[in-house]
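Here chain A shows up in two complexes: once beside chain B, once beside chain C.
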Partner chain A sequence: MELKDKILSSYVAFENEVDINSDVHEIRTEALENFEKLGFPTKRLEAWKYTSLNSVLKEDYSMFPNKCTSVELADVKKYFIHDIDTYKVIFIDGKYSPFLSETTHDKIDVCLMSAAFAKPKYQPVIKKYFNKVAKQDNLTSLNTAFAKEGAYIHIPKNTEVQKPIQIINFSTCADVSTMVQPRNLIVVEENAHVQIIERHQSLTSNAVLSNVVTEIFAEKSATVDVYKIQNDDINASLVDNTYVDQKSNSVVSVHTFSFGGNITRNNLNFYQNGEHIDSILKGVTIIEGKQHVDHHTLVHHIEPNCESHQDYKGIYDERSTAVFNGKVIVEKEAQKTNAYQQNNNVLVSDKATINAKPQLEIFADDVKCSHGCTIGQLDDDALFYMQQRGIPQKEGKALLMYAFANTVLESVKIPEVKSRITKLIAKKLGVNIGFDL
Partner chain B sequence: MLKINNLHANIEDKSILKGLNLEVKAGEVHAIMGPNGAGKSTMASVIAGKEEYEVTGGTIELNGEDISELAPEERAHNGVFLSFQYPVEIPGVSVTNFIKTAINETRKAKGLEDMPAKDMLKMIREKSELLEIDRKFLSRSLNEGFSGGEKKRNEIFQMAMLEPKLAILDETDSGLDIDALRIVANGVNKLKSKDNAVIVITHYQRLLDYIVPDFVHVLHDGKIVKTGDASLALELEAKGYDWIKQELV
Partner chain C sequence: MSKYTEEQLEQELKTKEYEYGFYTDIESETFAKGLNEDVVRAISKKKNEPQWMTDWRIEAFRVWEKMEEPDWANVNYPKPNFQEIAYYSAPKKKPKLNSLDEVDPDLLETFKKLGISIDEQKKLANVAVDIVMDSVSVATTFKKTLGEKGIIFMPISEAIQEHPELVKKYLGTVVPTTDNFYAALNSAVFSDGSFCYIPKGVKCPMELSTYFRINEGGTGQFERTLVVADKGSYVSYLEGCTAPQRDENQLHAAVVELIAMDDAEIKYSTVQNWFPGDENGKGGVFNFVTKRGLCETNAKISWTQVETGSAVTWKYPSCVLKGNNSVGEFYSIAVTNHYQQADTGTKMIHLGKNTKSTIISKGISAGKSQNSYRGLVQINSRAENARNFSQCDSLLMGNECGAHTFPYIEAKNKSAQIEHEATTSKIGEDQLFYCNQRGIDTEKAIALIVNGFSKEVLNKLPMEFAVEAQKLLEISLEGSVG
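So, the complex of A and B:
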């Protein structure tokens, strides 16, 4: 059976596990119909021209795996940012792990979507926000149809959350391939502040496909910082659909670190519904082998006097392939917009490919929009300079790549996250040097 | 220390060095002068092992060992240091971080442990004082936005940290005002010992007022065509290079 048919026919079983009389379920059913109509994206769609899911969709996925393996903290501790105190919302094969998690209802809500869907006290928030910014495209619709579990984060007005929140999805199934549909909702009320670290990690060599949707609502003067760490097993693929709705004077940053996985597709969408908003989208991609990373970003400038800053750096070795498609729309009303986009790529191997496409649609006449896109190799003179000082070629190259990526790293606000990323980069580049000594 | 025999080198099939001979002993300072395009910077790059140059003949011996087949970092580990005419800017890597990496990679190549952080800091403090370098400067990104003088001073700082056997200063005086020139030259003089050697490549005599050479060589068309003592530099300053070219005819 084709994956699409299998998904559609599994919906009946899914309906046994959820409240089918809720408003949310109406949204799900509508989304399923939408997915049924649209199907999986193909290369015929402009947005998927350079990313083919064909090889990934051939797998015989289990849609609702039981928790396959019990996971001990010692086995997975290395995937946590564990040197600081954090809240944790942890899922194993799509199921909540109370053992590994550390949730809270003390002034803020850091808990589960399944609880938020079920309990009456969360209904006002669910009603107001759930599925309100998510776009109804193929894969988002698929996720919405099966939206049941994920992280639910609600930060009330004027609250600065002291500890970062980690959302981690582990996959463990050793005898079946699994497909999961995590659904996160993050609502940050007026003048509140929160930091989130998100990771998807396969602990098995079986195929895993994660189709994630995260909706983030930043109300007036809210600040939200999100760090996505993508350093997964070579058989794990990820489609990350993140939608950000911002109100006046809010600042939202999303840093995406893509260091591994089979196919990784990031759909990152920002909608500026207010004035004096700042949206920050940054990423570092370092891949090799036959890995593929695709960043599709959208910043929609709807109202005047807002800013957006995009900075994506990519380093591609061997036969890896990548896409950067950065779309900026400036509506007619969005005068005095300041939109900045930078995308720099280094091809370490002549077999690696990057398809880079800045896409600006500007309807206002008093705006500052800059974009720069470069594709190049490492600078031989700089490398010789390093070697001359006794730094071997491999380490010299690594240092140059680190320096290249540094404009993204320097805006990471949590030192432990920055240090973790730095270590991952060193490991990724096969060197043992502490870049941030 | 350094013995260059009949060295020939090309870049992209263009012959630049055409039978260069030079011997430098420990404790000596040699100046290399010569008109533009004579091959001075090529000589420096070839000794340091820059890969775009192809050595087509001859040998480069350092303390009796032929280094002409070694990678640039291996030559550095053997004690060769080149102060670049145009030091490369590397944003995102601080001066301190860079020099720590350079020292520890050199130690690693010699089978030594990393230098303890305390010793490293002490050494950095001493050497930066020697070269009158502000500590704040050391946390800046390597050469990024540095003035010409700062870049050159930073080169000599790295030289002081790495303590090479053979230091080649490629037009270290260019872009320096007289105060910076004095500081850089004093630094070089303080680092000089009976166990190391310095090759100074320069267009002008003025650096040699501060770093007094034991020998002055004139490089012309890829070969050393005249050798003398410090007074030769003064003569060149007064008379230019044409008389040497005429002598050759």
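So, the complex of A and C:
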């Protein structure tokens, strides 16, 4: 049975587990119909021109894995940012793990979507925000249809959350391939501030497909920092759909670090519904083998006086393939927009491929928009200079690559996250040096 | 004749007698509307083409029938009905006018601004000319000069008769009949166009522009151009005309093929100013063109285009850099005003080692127009040390127009060096203020600034056209100051 048919037929079973009389369920049913109509994306779609999911969709995924291995804290501690105190919302095979998690209802809500769907006190928030910014495209619709569990974060007015929040999804099933579809909702009210670290980690050698949708709402003057660490097992594929709705004076930054995984597709969408908004999209991609990473960004400037900053760096080795498709739309009303987009790539091997498509669609005249895209190599002279001074070639190269990626790392605000990323980069480049020279 | 000066040309224009017509004067005949295999055969027969040519057209037609009209471009227009078009008509006879007084004053005003000579104005406006100023005589003189060098330059229909071996060898090698919807259509039904062959080691002594410009007239809807530059040769070719073309044909689907063999260089410049429709976006020409050049070892192809006309433009002059060390260049200015839509750009396909390409694209949008740059830079895995530099700048005038860039960059070789830059901006108020302060009125100031913006591309045009193109930009943007 094709995966699509399997998914469609499993909806009946899914309906047994959720409240089918709620408003949310209407949204789900509609989304399912939409997915049924659209199907999985193919290369014929312009947005998926360079990324094929065919190899991933061939697997016979279990939609609702049941009996799975229990996870000991000691085994997974290394996947946490454990050297600082954080809130944690942890899921194992799509199910909440109270044992590993640390949630709160003290002033702020850091809890579960399943609870938010079920309890009446959350209904106004769900009604106001759930599925309001997510696009109706194929994979988002698929996620919406099966939206049941994920992280629910609600930060009230004028609150600065003292600890970062970690959202981690583990996959463990040893006997079957699994498909998980976490659905996160993050609402940050006026003048509130929160930092979120997101990670997907497979602990099994079976194939895993995660189709994640995260909706982020930043109300007036809110600040949201999101760090996505993608360093998954080689059998795990990820489609990460993130939708950000920003109101006036808000600042939202999303940093994506893509080092692992089989096929990783990031759909990152920003909608600026207000003035004086700043949107920051940054990413570092370092991949090898047959890995594939696709960054698909959209910044939609709807109102005047806003800014957006994009900076994506990529280093590709062996037979890896990568895509950067950055789109900036400036509407007619969005005068005085400043939109910057930068995409730099280094191909380390002759077999690696990069496809870039930085795209601008501009309808307003008084704007400053620019994009720059380069593909090149490390500077031989710089490398030679270092070798002359006794730095081995390998380390020299690593240093240059680290420097290349550093413009993105610089803006990481949590030092522990930064040092973790730095270590991951060192590991990825196969050197044993600290970069804090 | 070693050198041909302008004075000589002028002298000739005054003294030369009409010799013979360029087009044989067949009875004006138009085929019934519609397209099928019989029509394709009939066109071929009409042209007295050899069997291989007929077969080639039929093959193209069969492919075309199975194709769908592309809709990926960022343009909106009512799809033409291909069965509502007459695919063959003998050159249209326009009514001759007795003096310039009878010509549309708007047209004259435009001529004046472009600085076109009175004689030429008459020719372009189809006024009966007293002094002998006929395309054919001038063309013949040129032909002689070219003939001495062994350069073949003639309508492609004649070339099919006179040099079938060359046409057969090269036609459709760069743009195959199966390439795309409009190329297939063109292959099936093209009525005429130009063929140019530069023999080994020959440097074409003149811009083929002058000839072409005078020869212009009734180019037809489906034009086919084939330029072959043999080893070590050089040619500069200019098509189009700065003067407005009030063409009745709504759909234009031309194909241009360039072949630059080892060490050859082709410079191909286009000025396009077809009827863009009126201020309300009514009417205007749809211009769907396939242009592609093939570079062998050490060869160079340079495309320069100034696009100001047509309601809808869909055009991507491309270079296939097949040979090692070959070079491709693309310089473009696309101006859109009122309701015009342009989706234009280039493709640089790097196959050979040490290949280089440069893309400079300037888009200027005003009124309610939409201007898109769409380009592809592809570095194949064997293209060692390929180098590309792309720059796409857009200038917006008013907040009802749009500027879009869709650059595709695909690199499969680690030694590739690619730079792409795009900016979008408007004419700065301080720039205008500075000009105003110095007594330059706003309209003139805008022209000045636009000129500066376009300079990099204008510089690449052959001298005489650069001057006219500059004025053309001014005229195209008239009244767009908001």
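Methods note: the second predicted complex is superposed on the first by the 435 of 437 C-alpha atoms of A that agree within 3 Å, B and C clash if a C-alpha of one lies under 4 Å from a C-alpha of the other, contacts with A are read in each partner's own complex, and residues count from 1 in each chain.
We adopt the following convention: contacts are C-beta pairs under 8 Å (C-beta built on N, C-alpha and C of every residue); 3 or more make two chains touch, one makes a residue touch a chain.
Treat the numbers as computed from the prediction; the structure is a model and nothing was measured.
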Fit or clash between chain C and chain B when superposed on chain A: fit
Touching partner for A:D379 - first (chain B), second (chain C), both, neither: first
Which superposed partner A:F99 touches (first chain B, second chain C, both, neither): neither
Which superposed partner A:T407 touches (first chain B, second chain C, both, neither): first
First, second, both or neither for A:Q393, with chain B first and chain C second: first
Chain B versus chain C as contact partner of A:A364, first or second or both or neither: second
Contacts of A:N355 with chain B and chain C, given as first, second, both or neither: second
Chain C versus chain B - closest C-alpha approach in the superposed model, Å: 15
Touching residues (chain side chain C, partner chain A) in the complex: 72, 379, 381, 394, 396-426
Touching residues on chain A, where the partner in the complex is chain B: 379-382, 384-393, 395-396, 399-400, 402-407, 409-410, 433, 435-437
Chain A residues touching chain C - in the complex, by the definition given at the top: 46, 332, 335, 345, 347-377
Of chain B, residues touching chain A in the complex: 48-52, 71-73, 75-77, 80-82, 84, 87-88, 90-93, 96-106, 109, 141, 158, 162
